[in-house]
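There's a structure below that I have some questions on.
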Amino acid sequence: MLISKASRFGVWSCAVTHSARLFSRSSNMAKSKFEYVRNFETDDTCLRNCYIVVRLDGRNFHKFAEQHKFAKPNDDRALGLMTRSACSVMEELEDIIIAYGQSDEFSFVFKRTSNWFKRRASKLMTHVASQFSSSYVFYWKEFFEDQPLLYPPGFDGRVILYPSNRNLRDYLSWRQADCHINNLYNTVFWTLVQGRGLTTTEAEDRLKGTLAAHKNEILFSEFGINYNNESSVHRKGTTLIWEKVYETVTKRMKLPNEEEKDVPVTRSRRRVEAYHCDIIGEQFWEEHPDILEDDNC
Amino acid sequence: MLISKASRFGVWSCAVTHSARLFSRSSNMAKSKFEYVRNFETDDTCLRNCYIVVRLDGRNFHKFAEQHKFAKPNDDRALGLMTRSACSVMEELEDIIIAYGQSDEFSFVFKRTSNWFKRRASKLMTHVASQFSSSYVFYWKEFFEDQPLLYPPGFDGRVILYPSNRNLRDYLSWRQADCHINNLYNTVFWTLVQGRGLTTTEAEDRLKGTLAAHKNEILFSEFGINYNNESSVHRKGTTLIWEKVYETVTKRMKLPNEEEKDVPVTRSRRRVEAYHCDIIGEQFWEEHPDILEDDNC
Amino acid sequence: MLISKASRFGVWSCAVTHSARLFSRSSNMAKSKFEYVRNFETDDTCLRNCYIVVRLDGRNFHKFAEQHKFAKPNDDRALGLMTRSACSVMEELEDIIIAYGQSDEFSFVFKRTSNWFKRRASKLMTHVASQFSSSYVFYWKEFFEDQPLLYPPGFDGRVILYPSNRNLRDYLSWRQADCHINNLYNTVFWTLVQGRGLTTTEAEDRLKGTLAAHKNEILFSEFGINYNNESSVHRKGTTLIWEKVYETVTKRMKLPNEEEKDVPVTRSRRRVEAYHCDIIGEQFWEEHPDILEDDNC
Amino acid sequence: MLISKASRFGVWSCAVTHSARLFSRSSNMAKSKFEYVRNFETDDTCLRNCYIVVRLDGRNFHKFAEQHKFAKPNDDRALGLMTRSACSVMEELEDIIIAYGQSDEFSFVFKRTSNWFKRRASKLMTHVASQFSSSYVFYWKEFFEDQPLLYPPGFDGRVILYPSNRNLRDYLSWRQADCHINNLYNTVFWTLVQGRGLTTTEAEDRLKGTLAAHKNEILFSEFGINYNNESSVHRKGTTLIWEKVYETVTKRMKLPNEEEKDVPVTRSRRRVEAYHCDIIGEQFWEEHPDILEDDNC
């Protein structure tokens, strides 16, 4: 079977003329002779005591969404798959304390004291990009039952360091503000196109230069839509954090001098939980005081 | 359906109490207020006029191979899938001139004058890692028909720069020498285990301290195996390069003052080709003089 | 006069054979043709919101001290010159909030919000190294009246970033702890050599493996020296900070409807002040609360 | 004497209240407790097999030149001092193969295989900046006999890597083309001001938009000056390289079975030599084939 696949690329084997023994000896020598090339690797250790953010962005996702018939302005299957893949990243990699996603992007925050992969930036970001991408394909059919995946998608990533809690929170606020602005625009835009029959160019012209208040007004006065009643997944994006959950199970136990009987046992474990709420204000952070570490450490 | 998936992570929506208009205005202001966080991104442009190598390595692939019942010492399905995924990377990303893979690793070489993604190291390596990983899952069932993929695998990557043709060739030679040493060892090891019934510990002890010549000798004298007749895919790994291929097709054409007729037309296009031959010596490079650019440019 | 100096290196001029006009035109074109080499410069911007520390170390100062007959274990002229040069750096460069020096090293701390030289690490460290070195030679004779400077000395530098106040204070504590350990050792060592006539080898042997307490004991019981009464410059090093000083001067002024008269006027200005006290504990920082900025900014 | 100097900065010593022994013990522990701050240093090793260029530029030298009454358009004393300082850098630091200077800048090229200071960029550039700056002050009075140095000058530096001989030569050509363009402009400008009595604004206006050919024409037709006869130091800048020089000395020797007599002995040593010639064309490099290393190494 391999052969039929391999023939997809033309395969040639080169003639081997030298004897096995001669070659073996020389190639052994060769390896040590070539090993100097390792010294060209550079150290890209992330500065200590800083939060490490890895952000992924979909590559050519506008076209990808078209080809896979994503619903407008938001496709819940696509958002669910992004969240599922992000969850896989959090469960597989160590030390991610919070992740935030919207549209075709997801940001992962490693704790400031993390020493995972010795804080090597290249390892951290390629691992996140790799695990996210393989998960996206792996879980595709759980979210897109009737829509086959046409080709393997790509994501690019970057690493950014934040020295203080304020900086990190401002980064997450920046991404959520971006989510809000884009989603409000897209909601009005597609309501005009789908509900009123405007062409995309007409809708664009209609929205040119409008402020947020105007867009809310259009939705409310023309379509009776209160933007704040729209789905929080779309308005706020998705925040993933670790939470302790407690389960009570019954275990058959035998204590000394007693008969065997069923005993209720409470166990705790960490689980990734998804939130679709405001993370710009104080409330979320006050309710989850364990996410951020103390600044002056 | 999304809901049943989403319930896998506990989802809560937070109460929204403020009016839509107030919020919108403040979050618009907010975005510009937060945008300073972009200045924390650092520039990681690769030094110009150097070859850019991105190498991927499978994460925990020892365990992954066990769980997916890879054949020992080499699984042709797994090697074929690695090559197929690497081919996808070459076809999707620009400016890769050669790729070399063996076992669970693959190296991709961008041409020294490449300006893809403005030579930003993070973009280059995450893109390669992402495209390779999504392809690995996407093409899995073409190579593993009867073996389902149990979970999404991960790969990590790194970037290394090489200023000269000599350095780049030494890098590729280093990887091929590594392939040779490992494959010779593994071949003898598994022949002792599978063919002679040694335990893995006994096989290890038997091979401790042996040179390449001894290993060849064991294979030949005890099992009648000439190592050089083993598959070149295993001994030499896989080298991918671009080659021009010519196709002759017939086209129905009508020239002025002539009747319509079938005309043979030759077209050329670039195609990724796989080689399993020595790339340490001069022959391969003399036969493919267009891969490397001139040093003094 | 220049000629006699220049002849120190052999000077040859090459024959110029082309006409001025031709050359000029071609060299103008040439410049734009060569300007691509600027793209090889890399961006080395320091991560924002971190303290930037530049530390200088004397190069071959052991030999330099010998050749310039520095007193043992401490030469007050040399320490004074180091401090004078550091003061010059603080006065010439912007945004240094504190500097700490001991022996032949000096550390300079730029405030975390500094944008001096766009936070380019190379600019910051070379400027500090340059200004310090030229000052060292410039002020030499103010401190070494009878000892001519034999050759221009060298210092090397490095840049280190600290994200939190705690990290920065620990850095400064590390340097002061180093000062203490070295000075205690050197004080006992040279007291044994100078006061008791031991050879340097004998003194070394005597001190091998001794703890701080033993060294204090030797000083006190054998020489009647209480180490804590030794000069604080030697025990604690030198800390430079900016302080506001107020001066009252008399100005001849004429107010409306009054006769001209002398009026006392109080002016404030920033001045570098030197401390030789403990900076490991809280007291120094409580007394100077303006040096460090708030962590969560 | 130190005291009178130190009083320039206000010096206070802090009260020490704890006992020597207690303190010593705690500070010894302290040092190891603080040593984690070393991990915040980052590795800035220069990519191997690349030429390392360190360029220095005078800081605020326009003002420095005014204050020290530099002659216009070129001051031979200042140029001589720059060259003398650069020579000191070459003699003190290892592995510099060529240096090029003009105006208030100097570039130093370390050989591509250099391992000096383990190729750490920060060490290389601060050392060059430091040695150059201390030399500039140290040798000042050899070049400026009647003009005292008013304050210690500063230079900033940067590091740039060049992978190929072509890139390095283009860098040096870029700097020499810059020298040519600036010097031609300055020569005409100051000739108009000094020889014709134009104000600097009038001279500026006169030269606005002129090409090199026009400037040559002005010099020749109005002042009878052939620019090519101007000093090559000004037109071409200064190139420093190492050359072997041979000296013949007579030594009093006694050979076996002969009488003692004077014997001529030829010794060779390396010496820095200064050139003021074109380094853009081939001739210079053909005459000095040993400066550059082979590209494909």
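As written, the chains take the letters A, B, C and D, and residue 1 is the first residue of each chain.
Criterion: contacts are C-beta pairs under 8 Å (C-beta built on N, C-alpha and C of every residue); 3 or more make two chains touch, one makes a residue touch a chain.
Labels paired with UniProt names: A, B, C, D = tRNA(His) guanylyltransferase.
Please read all numbers here as calculations on a predicted model, not as lab measurements.
In this assembly, A is the chain whose CA centroid lies farthest from the centroid of chain D. Comparing the contact residues of chain A and chain C by number shows a mostly shared set, over half of all numbers used being common to the two copies.
Averaged C-alpha coordinates put the centre of chain A at 47 Å from the centre of chain C. Annotation: 23 Å between the Cα-based centres of chain A and chain B.
Contacts with at least two other chains are made by residues 40, 42, 47-49, 161-162, 167 of chain C. Contacts between chains leave no pair untouched here, as each chain touches all the others. Listing the residues of chain B that touch chain A in their complex gives 1-2, 5-6, 8-14, 16, 19-21, 23-25, 27-28, 30-31, 33-38, 40-42, 56, 59, 76-77, 79-80, 83-84, 87-88, 92, 117, 121-123, 125-127, 129-139, 142-143, 145, 149, 151-162, 167, 170-171, 173-174, 177-178, 180-181, 184, 211-213, 215-216, 226-228, 232, 236, 240, 243, 245, 271-278, 280, 283-284. Residues 39-40, 42-43, 45, 47-49 of chain A are the ones touching chain D in the complex.
Those residues of chain C whose C-beta lies close enough to touch chain A in the complex are 47-50, 161-167, 295-297.
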